[in-house]
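Labels for the chains are A, B and C, by order of writing; each one numbers its residues from 1.
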Amino acid sequence: MVRITKKNLVKELTTEIISTSRNWYLLFGVFVLVWAIGIYALIQQIDKGHIVTGMRDNVVWGVYIVNFIFFMGLSYAGALISGVLHLFKSPWRAPVIRFAELITVISLCIGPFFIFFCIGRLDRLPFLFAFPRIQSPITWDVIAIITDLFGCFIFLYLSLIEDFAMLRDTTDISIKPWKKKLYRILALGYVGTKKQHRLLSRAKNVMAAMIIAIAIIVYSVLAWIFGVTLQPGWHSTIFGPYFVIAAVFSGTGLLIIIMQLFRKIYKLEKYITRKHFVNVGVLLLIIAAFYGYFTFSDYLTKWYGSVKMDKILIDKLFEDYYLMFIFANYLGILIPLIIVGIRKFRTIRNIVIAAVIALLGLWFNRYIIVVPTLETPFLPVQDYRMDFIKYSPTWVEWSLTAAGVAIFGIFMMLVSKIAPLVSISEMEVSEEVQDQ
Amino acid sequence: MLSMLPGLLVLQTLDAQDAGGDEIQSPYIEFKYLKNTEGHRILDAKIFLAGELGLIPLEGLPVKFYTNYEMPELLGEAITDKNGVAHYIIPENVALPVDEDNNWWFYAEFEGNERYEMTMEELTVMDVNLRMSVEENEGGKKIFLEAFTVIDSEKIPVSNQDIFVFVPRMFSLLPVAEGYFIDGEAEVEFPDDVPGDEDGNLTVIGRFNDHWQFGNVEQRAETTWGVPSSHKVAESHRALWTQIAPRWMIVTLTILLAGVWGHYLFAIISMIRINRDGKRSE
Amino acid sequence: MADNKRSENSRRRFLKNIGTGLGAISVGGAAAVAGNKMIDSSGEKVRVLTAEGKVLEVDKDALKELKKETNEKRESAREGIPNRKFIMVIDLAKCANARKCIEACQEGHMLPKDHEWIKLYSIQDAEHTAPYWLPRPCFHCDNPLCVSVCPVGATYKRDDGIVLVDSKRCIGCKFCMTGCPYSARSFHWKDPEVEAPEDHVYDPELNTPPVEGTVGKCVFCADKLRNNELPRCVQACPMGALYFGDLVEDAITNGVETLRFSETMEQKHGYRYLEELGTHPSVYYLPPVNRLFDYESGLDGLSDQNRERYKKTGPRDAKR
């Protein structure tokens, strides 16, 4: 039997599992509606061809690939918070690790779909597995993403075992019978024996280390999809580490936002306190500093050397993409730095604002990495069609972007019905530590 | 045959008539004479339209070949092939009449149909006998050419004329050397660096090429004067763009994957053991 | 050309139909017995002769046969013409933006008018250098980045140097398009609305008909090379600016004159475009020295659309 000694923990952290409010259905409905619009857009695209998007012969990768990189980057929330903090055994991590792991797994599920949208012949997708060429960075990416997804799922599951066992055994709250049965299966017979506990904790340690490693590999491989080409702006030696840092940045930012969202919605103020926000905020600050350093380093060397194509690209960034560039690479870095850096500004609300700006800035950062390079190829674009000269995303691409966010919400909401959003077992451990 | 003559003369003087259909087009004829290495006299008539994107050859059209300046006689007929060329070999036993300048006259005529107008072309050629011999010694590779025309059974050597030496390439003939006839003889030095096939075999062609007087007259010889050339990519060649990846890539990938999935296996086995332990405890 | 192929097919069909009476009896013993079937088949379908000389009755069995042949063709297209290494030499002194190369290519490969596998650029290398016209086919690089990055092996480099695309394997990920530094590939964004004839065996060497959602590019007219014919653009160029040949044979020709490749490179200082990228193209350029036509003649007679293209839009575009 797995018993939680603190009864209030169980009662407060399982509200969503026990009952569903009307607001839940409302929000869920909104998400499903947005998702449905995205599906309609996808059908249009499959039916009429990719001509309904804004992509054309020069800018062949647009908003879809930006979203792909972005969502894959969000998965770093799990790798960092769950993985690193688990290995460091930081006590304050307890309330936030579940969110982090969920963000990781869900965004890893969503990300690859954006590649699928970008692929011209979806019916031939199995060819990636039937005729793989291992010299191709896309094959590395397929292998890496599958590995990462599998690993993060295992890690998430391992951390849920104790909670499932507790939910299976508890009599403090009333759980529907079918859910009880589900927990019985999912708990894998965990009853808290010494041996089981040992096995579980060893497995978790191993997987924590693995997902850090694999996360770095996955994101580097993704960076090398761009880095190994010759295109100006992409052929940069720093891309591997740069993308990893940017991913950690985006993961941390999303974590802060989700923490605040769910804290407010599910009334978890007692468990997720200002201290947590400050701690994750400090992480955000450190990462922002690194990210800013890498960005500066990349552009400084390009600008100073002023190789012809680099110069043309930088000119384009400062002319056509001026606002995006300033937002992504100045505001997106400086505002988090200032807010978290200056003690006076460190309120929960400000930190969340900083996280929102950081996240948006990162999306634009991906955009100005992908699109302007494709608009300035080595051979000049000499065309009479405006849509071949300048890329402008269409409603199809925006709908599918919104659908991606909606699916994120849908998955989160569905999971909240089965698994507690704050890890009860971890909370118990941390509160025991605190009591002592 | 003789009944064709009045028709022919009429056709020569009249311009092509509009047949009344709106699609009728005017093709062109390119008419060439070739005396090949075996001495066969060949008439090639190519019929084509001058299209926007180049020449459009016309297939399946009948071309009649005539000779003799004063009274054209029908030699034979041929149908244009898929390249638009009507190919006619003058039989060896046919003696061709010469005019006062010792030239043969040839005509190629397409009589026209409902789609294409009639067209014809004429050609004058002086028959020349070309002989070629090849010799290789310490002095190098040499080609000896002899050319003479026959007037009233008298051999007249060819003088002050250019002759070219070609080698056949994939799409055309490549000129590699040049000679000049003096008193019926020309000596040409063949260069050392002409690529041949894998074993160095090379066909050498001595040819009057589109000559104003002689037309095309060639003599071919098989030699081993070519530089042996081939282009083979080893099956075992491994690079980024080959079918099979470089070895180090395969090794690295295997090690990485084995390492990571090995750990996953460990975690899964742990979960199975937890499950088994749980069953036992019950 | 398309005309030729159609007439060739119809001639073969015609001849075969004449002889078919005898053929049918020998080929379709069973079909002859099932008299109805025979009449049905010859009534609604035509007996056709494929390039391999097989007689096909276009029905269900024929479709399977067609598929098998298509797969064989796709396999055999991966092997090049033995002992050849194809190269193209473009004499920039002769190019006057006539654009006949583009039209011939589009016609031969059933391309929509806005797809250009060979493109004409107006280039000015530096501020004080003179502008010139640059025809750019696919360079069939010896270190082809496009081939390296293809995840499914839909594009491949053959031993004779030609890089082809297999439209039946391409998944449309467009990685090859970002991999090519010369922007030589184009993507079929929508249904090209081109119908191939019923008996058409897909041949990557000709790469028709265009397939929606796949990548297409110049193929050095590999289908014509099998018949010792020059590529379509080379034949169509009215200025004779495009030369094509074989590096092994050391000869190039534009259809009118044949030159030794090594001599031409030496005498006219041939070079490759953006050599420092390390792609090792198979297309060489002869510098625009002693030009036959001045740059401005390339702007004469252009349609408004094309004139629009060459308005200076960037620092590398030529001044008008």
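Definition applied: a residue touches a chain if its C-beta (ideal position, glycine included) is under 8 Å from a C-beta of that chain, and two chains touch if they have at least 3 such contacts.
Keep in mind that what you see is a predicted model, and the values were worked out from it rather than measured.
Enquirer: Where's the contact count highest, between which chains?
Expert: Highest contact count belongs to chains A-C.
Enquirer: Which chain has its C-alpha centre closest to the mean of all protein C-alpha atoms shown?
Expert: C
Enquirer: Which integer distance in Å separates the CA centroid of chain A from that of chain C?
Expert: 44
Enquirer: So the centre of each chain is just the mean of its C-alpha atoms; given that, what is the distance between chain A and chain B in Å?
Expert: About 64 Å, centre to centre.
Enquirer: Compute the distance, rounded to whole Å, between the mean C-alpha positions of chain B and chain C.
Expert: 21
Enquirer: Out of chain C, which residues touch more than one other chain, so two or more?
Expert: Those would be 148, 153.
Enquirer: Provide the list of chain A residues touching at least two other chains, using ranges where the numbers run on.
Expert: 133, 135
Enquirer: Multi-chain contacts in chain B: which residues touch at least two other chains?
Expert: Only 240-241, 243 qualify.
Enquirer: Show me the residue ranges of chain C that touch chain A in the complex, using the header's touch definition.
Expert: Residues 114, 119, 121-123, 136, 145, 148-154, 169-175, 177-179, 181-183, 186-191, 212-215, 274, 277, 279, 305-306, 308-310, 313-317 of chain C touch chain A in their complex.
Enquirer: In their shared complex, at which residues does chain B touch chain A?
Expert: Contacts found on chain B: 240-241, 243, 245-246, 249-250, 253, 256-257, 260-261, 263-264, 266-268, 270-271, 273-279, 281-282.
Enquirer: What residues on chain C touch chain B, complex-wise?
Expert: 1, 3-4, 7-8, 11, 83-85, 100, 103-104, 107, 143-144, 147-148, 153, 156-157, 159-160, 225, 228-230, 235-236, 238, 244-251, 253, 255, 258-260
Enquirer: Applying the document's contact rule, which stretches of chain A touch chain B when the two form their complex?
Expert: Within the complex, chain A touches chain B at residues 133-135, 140, 143, 147, 150-151, 154, 157-158, 161, 187-191, 193, 195-196, 199-200, 202-203, 206-207, 209-210, 213-214, 217.
Enquirer: So in the complex, the part of chain B that touches chain C is made up of which residues?
Expert: Checking each residue of chain B against chain C gives 52-54, 56-57, 59-60, 82, 169-176, 194-195, 197-198, 229-233, 239-243.
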